[in-house]
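Working notes for the structure below.
First chain written, first letter: the chains are A, B, C, D and E, and each begins at residue 1.
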Amino acid sequence: MTTAHDAPEHSGFRLSQLIYDTRYRSLTIQVVVFFLVMAFVGWLVDNTIQNLNALGKDFNFGFLWQRAGYDIGNALIPYNNDMTHGRAMLVGLVNTLWISFLGCVAATILGVVVGVLRLSKNWLVARMMTIYVEVFRNIPLLLWILVAIALLTEVAPSPNAYKINPETGEAKLSMVFESIAFTNRYTAIPSIHFDRSLGVIDTAFMPISLNVLAIAVVLGLCFWINKRLLAHAGRVQEATGKRPTTWWKSALILVVPTLALLIALGFNPDEPVLKGFNFTGGTNVSNSFVALWAGLSLYTAAFIAEIVRAGILAISKGQTEAAYALGLRPNRTMNLVILPQALRVIIPPLISQYLNLTKNSSLAIAVGYLELRGTLGGITLNQTGRELEAITLMMLLYLAISLTISGVMNVYNNRVKLKER
Amino acid sequence: MSDTHAESVAYVRDTMLKPQPAPAGESGAIRWLRENLFSGWLNTLLTVLGVLTIYFFVSHFASWFLHGVWKADSLAECRKIITAEYGQGATGACWAVIRDRWHQFIFGFYQRELYWRPVLTFLLLFVAVGPVLFQWVPKKLIWFTPIYPFLAVWLLWGGSVWGPILVAVGFVLAWIVFSLVGRYGSIAGFSAGAIVAILFWMFGVSPLAGILHAAIPLGIEPVESAKFGGFLLAITLGAGGIVMSLPLGVVLALGRQSDMFLIKTFSVVFIEFIRGVPLITLLFVASLLLNYFLPPGTNFDIILRVMILVTMFSAAYIAEVVRGGLAALPRGQYEAADALGLDYWKAQRLIILPQALKISIPGIVSTFIGMFKDTTLVAFVGLFDPLKGIPDFIRADFAWKGIYWEPFVFVGAIFFILNFAMSRYSMHLENRLQRDHR
Amino acid sequence: MAVSDEVAIQIENMNKWYGQFHVLRDIDLTVQRGERIVIAGPSGSGKSTLIRCINRLEEHQAGKIVVDGIELTNDLKNIDKVRREVGMVFQHFNLFPHLTILENLTLAPIWVRKTPKKEAIETAMHFLEKVKIPEQADKYPGQLSGGQQQRVAIARSLCMKPRIMLFDEPTSALDPEMIKEVLDTMIELAEEGMTMLCVTHEMGFAQAVANRVIFMADGQIVEQNNPHDFFNNPQSERTKQFLSQILGH
Amino acid sequence: MAVSDEVAIQIENMNKWYGQFHVLRDIDLTVQRGERIVIAGPSGSGKSTLIRCINRLEEHQAGKIVVDGIELTNDLKNIDKVRREVGMVFQHFNLFPHLTILENLTLAPIWVRKTPKKEAIETAMHFLEKVKIPEQADKYPGQLSGGQQQRVAIARSLCMKPRIMLFDEPTSALDPEMIKEVLDTMIELAEEGMTMLCVTHEMGFAQAVANRVIFMADGQIVEQNNPHDFFNNPQSERTKQFLSQILGH
Amino acid sequence: ATLDDVKSRGELICGVNTGLVGFAAPDANGNWSGFDVAVCQAVAAAVLGDPSKVKYVPTTGQTRFTALGSGEVDLLARNTTWTYSRDTDLKLQFTATNYYDGQGFMVRKDSGVTSAKELDGASICIQTGTTTELNLADYFKANNMSYQPITVDSNAEGEQQFLAGACDAYTTDASGLAATRAAFANPQDYVILPEIISKEPLAPAVRQGDDQWTDIVRWTIFGLIAAEEYGVTSANIDELAKGTENPEVNRMLGTEGDLGAMLGLDKQWLVRAIKANGNYGEIFAATIGEQTPIGLARGLNAQWTQGGLLYAPPFR
């Protein structure tokens, strides 16, 4: 056995190594790609600069500090037309977040109900839910939003209908619970009023009501105590095997202190009253908001329903059977075995639906609800003619929202990942 | 081992039992009703609620549908007919608007005498995707698939036949160069092919097309894209976007899988950026910003610009779908290709991508459904999509001002039928793939 | 390994249909306490269905099943009682993947038997030692090999202190080298006198521990006998044919 | 079955790590042309890793591997050359499911060796006949049994006319009745004087065809010997223990 | 230069509204017509000799200025108010006002409102992306009143909301209000309030920096206006083009001097422009005038000789 081979001499670095050597090759490719991409980006930027020059424009966010001059129907933070475009953008952003949040909540509730009902043994209900899911999934969201606003404006009465006829002393329509009025322009609901208010702190962003703050603190405390109670029940169970009944204690703890505080503050709802053309006193939730909300929730719920259904189906029958065979009751099986597993399957796609819903909230354009796209990407853009700046800023804001949501999702996914070999 | 007891139970059956029918009460309509609708108070409650809901819908909308008027020249006439037939205050649908304007819902402003062209294009689409999607279509037909996009462009936009042919020639050239140079390494071949093709498209196509057209004027009547509207626009944007985004999506997916940091980063940034913003903002980029990014003086029409952004948008989604397909391939396939001495590009082209793309087809179909629905958003940049653009301008006609629900119902129904069919088909494909899979 | 005279399971004239399909036909079977029964038969003969009827994972439509003196009817309370007395081990383990091994074992004792947690853990560790994997207590099922998982599944059933154990092909999803470790566990259990009903094709196991082998075909009990006679001197044609297939390899 | 003096593979002082885990330690191995080597050892001992290093499916971090006179470095050209000379057969066949058997066989010759298509098909049919399934040429891998698939995989490697063949547990994913047909094919190959490295637990095969058996444990070559001495007179404790497990069944 | 582009292209690209009754709307066959469209056709006739050589690019309130700025359209003939900032900041060049409009309000008759001053607290439907939004805010502020804006995306939607009673008043340019009202099933149930809260001179616009092109569009419009003033109509133009007593008409119609050459056009340019759809008065009457369903009175848009604001500078 002779060694038939001499080791090749290690000569110095050769240029061909850039292409043929695995160590340098990827470096070469990356450098080339990097320069290509940079050249492309540079080309775009150069074009943009030239075009801006040709039009005599510049790239300047100064417009954000100029007077906006337009009104926004439902601003959640204080706003009037004397404030700046920047403030208007903020109002839009808050509105985007608000509609997205409410949309996600409603879509989740509806989606879970529909998803579970689709699995129901009830033939009729299961079929109806299937129809709901298929119809909503396969027709563009835009149509649902347009239908929602059209239904609201055509079916609901105008505020006039609630006007009390001075002769008969009666109105054509009376308000629900004397405090809620559905109209074809908004839904008038009572707002909160405190007789013995603690006052309001004014911050630059938005005024913070001390009353609300106090209630939030008390509620938080109650939840904490309740958690302690449940933990205690758990310990008792660990020690004796018997779990003390807690539901009525929980109910008491959660309700009584808050109620007491509300009474102390002299809480009473400020009911809307019809004055002139419109209701005043309460809060008017505009129909464009309701339509967008309904459209987004109904549409997204159809997708969520499918996710929930798939999630429950994904937990194999074997898990249920094993739990039954151990003597666990169906509801315990659901809570202890099926749900914890189904949630892992459900939550990631669920969150990406939340993302979709948030992005789809930009369809507010169809109903004239002024959110981020409507303010910054709509009226502000139009009044100032700053397309480049406004759209860039708007995209970055949306991107920030998206990345935050998907960041949360990743953290969650990593937390609950099933341990495998 | 055996004790007395066990022995005593020895038993042999000498006559086998025939299956018996299930006992009464275990079958029949009553049982079905009991099991499926009334098997408990909760179920019964649900059934009642369900029936009430159905009743609500039927009672509210049935008369509107049934009182529909099909023949009228304006909304006012419709109203008159309905009042005459069903009495004062009766409501009814005015389907006459659909009858009068159906062609605009479908074709936009495409010349009426040329409707055969989009229709033919649409039918040929099935021939083109047939070999990929349907098992019973002869696989040989696959040669038609790469030709189809050029044919479709030519049929839809018309004009000289030489333009599309020369663009296709560019691909052929690229292929030839790739095969020639490819022997010195795939990357070299790839780059050389791409450069030749791009140079040819940039400097060769239009003069050559001019010369060829002068010599052999083959062509059909050109149609400008401003005439596209309705479902023709939606399908052109959706299908065109998906087709054009496929190569880009595949490249992005490979980039995202790559272990080269920079390439991976660029891919991820692009994909996440596109997926992180609403389509509407991208459409605004198409309509408001794209011209800023291009050299001064360049000008595409808005449909083309929207198409570019739609392509980028769907590329990001396709990339994720293809990535799923790539991830689903067992590692062994890569290793076997390596062990046989295939380099990265050959392995991708011959082994990995054919399989990964096949697995991705259902995902691509779903992406297409999403795209197709989203094309309605182009209404907001002034294009005539079937859902808002077309109805809005029909309402700008005096005769149909105020018509609202009928277009929704009509357009919604078409969307539903197309998308439902596609989603069912993609589910079927998915099942078939699962069965076929080794 | 004594068999007492007490009856553990009594099945009389039991019939079951899936829709119009008659799966179990006129089943009569009495199992004494301490008996170890192996059920064999071709695929689709209704073996699984039979043992699943015993803890009411499936409902029977005619006839009577009495387990431990409790008749299985639609009465939920009875079903609960029976399920507490009967442990079951499945072909695919069906461990709860989101819980650790220890949590898998203590879940039912805590929530069903209302055992204090400490006690439940002690029992669990005891049985884990018995199946020889106490060191895996804090891992998750996904981190264990198939054989280990099946042993955990057996331990999980044992933690409920059942008086009867049902096994549905406990080894058929396992790699050959793991089959032995599971069978060993089951043999040990048998030696302690547990009443066992076991669907299996492991004929070695049947010969080693069964008091009785039951052969099923087409939803009927075709033949039953002690293992020795069953294997060496089968009576019916169906049995002979089946045995030649199984053992002929 | 002559062994020439030419060196086919030379491994010197080779080390490999996965991250911090030292899989292969100081491997020294010289394979003569025409030699048939069987590698055995417990699971996780690094057998697969070793032979995958030989055609650079894995990169080694220290030491030297010379295959057919070509040193495996980072130079892609060398790697390509080596891969053309070395065929490999995997445990899970890794046929390309979207191509017919014939296409599987002709793919690499056409694209890598640039063989004209006609010639490639002829060679492919030749080797298909050799593995005794010429009639399956137009089927897809999914339509074949495991044994047939593995034989196709062997034929696929042979079509590249390799001078060395590597086998990584080629029979361990197969049902018992199919193992023989694959082993037969391999024995035939051995008889033709192909240089072979084979990771396998089929000790019968080792005794029949191997010139040398290498025993690995913990990433090291613990013992190597001719098959007769290896099985009848193992030297190290590890080997003895391993053999008793493998053969003791 | 734009003129050369248009000539070499053989087509004028004209930015128009996506659909506004009377001003710009395509019919069932996709042919555009309307008051704004007539301007496009006149310019096309003047420059290219054929009024049909126009490509219409529908633009929204959002996209119109970019379309013009980026060169996508040669001429923006879309109801666009001439304002200071648009003229300066947005780098547009407004050519000549072809319609004097003003923002007004429409309400239901049975609401009893007779003046905009009574609209305190009302819900008002308003189309987003236009000057009307700013005017409305200013007006209510100046009068110390409050209102609830109900923003809508398109005129069609605004109409629908207003009809359904979702807003107490609909505000937009008075011309738009009239057009909208005319199409209602019962127009007599709605009134347009007397207040006009803003000046809305609507003018076709072109890009800044191409004076020749600006002049062509501007003088085509003036030509149409002057034609009405001097009684040149599409009916008699062939006759008059042979020569008249009036030297200004002769200059316009190219029988005397060569005004066209100063614009880079031929002598007959204005003849063709007027022939396309007639003079200003004819266009007005055919598209939005009192004989049409829209029924707008000339009002401010009458010739200066009739007490209106239309006043074409002399062709000299």
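As a convention for this text, a residue touches a chain if its C-beta (ideal position, glycine included) is under 8 Å from a C-beta of that chain, and two chains touch if they have at least 3 such contacts.
What you see is a predicted model; the values in this text were computed from it and never measured.
**Student:** Along the graph of touching chains, what's the shortest path length in steps from subunit C to subunit D?
**Tutor:** Tracing touching chains, the least step count from subunit C to subunit D comes to 2.
**Student:** What chains, if any, are shared contacts of subunit A and subunit B?
**Tutor:** Touches both subunit A and subunit B: C, D, E.
**Student:** Which chain lies the greatest distance away from subunit A when centres are computed from Cα atoms alone?
**Tutor:** Max centre-to-centre separation from subunit A belongs to D.
**Student:** Max contacts between which two chains?
**Tutor:** Maximum number of inter-chain contact pairs occurs for A-B.
**Student:** Would you kindly say which chain has the C-alpha centre located farthest from the C-alpha centre of subunit B?
**Tutor:** C
**Student:** If you average the Cα atoms of each chain, whose average lands nearest the overall Cα average?
**Tutor:** Of all chains shown, the one whose C-alpha centroid lies nearest the global centroid is B.
**Student:** Averaging over Cα atoms per chain, report the distance between subunit B and subunit D in Å.
**Tutor:** Result: the chain centres lie 47 Å from each other.
**Student:** CA centre of subunit B versus CA centre of subunit E: separation in Å?
**Tutor:** Those two chain centres are 41 Å apart.
**Student:** Round to the nearest whole Å and give the separation of the Cα centres of subunit D and subunit E.
**Tutor:** Chain centroid spacing, subunit D to subunit E, equals 83 Å.
**Student:** Considering subunit A alone, which of its residues make contact with at least two other chains?
**Tutor:** 19, 51, 150, 365-366, 381, 387
**Student:** Two or more other chains in contact with one residue: find those residues in subunit B.
**Tutor:** 284, 288, 291-292, 380, 404
**Student:** Which residue numbers or ranges of subunit C touch two or more of the other chains?
**Tutor:** none
**Student:** Which two-chain combinations touch?
**Tutor:** Those chain pairs which touch are A-B, A-C, A-D, A-E, B-C, B-D, B-E.
**Student:** Could you pull out which subunit E residues touch subunit A in their complex?
**Tutor:** Within the complex, subunit E contacts subunit A at residues 61-62, 65-66, 69-70, 86, 89-91, 111, 119-123, 128-130, 133-134, 136-138, 141, 147-153, 157, 160-161, 164-168, 208.
**Student:** Which residues of subunit D touch subunit A in the complex?
**Tutor:** Result: residues 5-7, 10, 30, 32, 64, 66, 69, 71, 73-77, 79 of subunit D touch subunit A.
**Student:** Can you list the subunit A residues touching subunit D in their complex?
**Tutor:** Counting only subunit A, the residues touching subunit D are 1-5, 7-8, 17, 19-23, 25.
**Student:** How about subunit C: which of its residues touch subunit B in the complex?
**Tutor:** For subunit C paired with subunit B, touching residues are 2-3, 5, 15, 17, 19-22, 25-26, 30, 32, 35, 61-62, 211-212, 217-229, 235-236.
**Student:** Which subunit A residues qualify as touching subunit E in the complex?
**Tutor:** Counting only subunit A, the residues touching subunit E are 51, 55-57, 69-73, 81, 149-150, 152-154, 157-158, 160, 184-186, 275-278, 280, 284, 286-288, 365-370, 374, 378-379, 381-385, 387.
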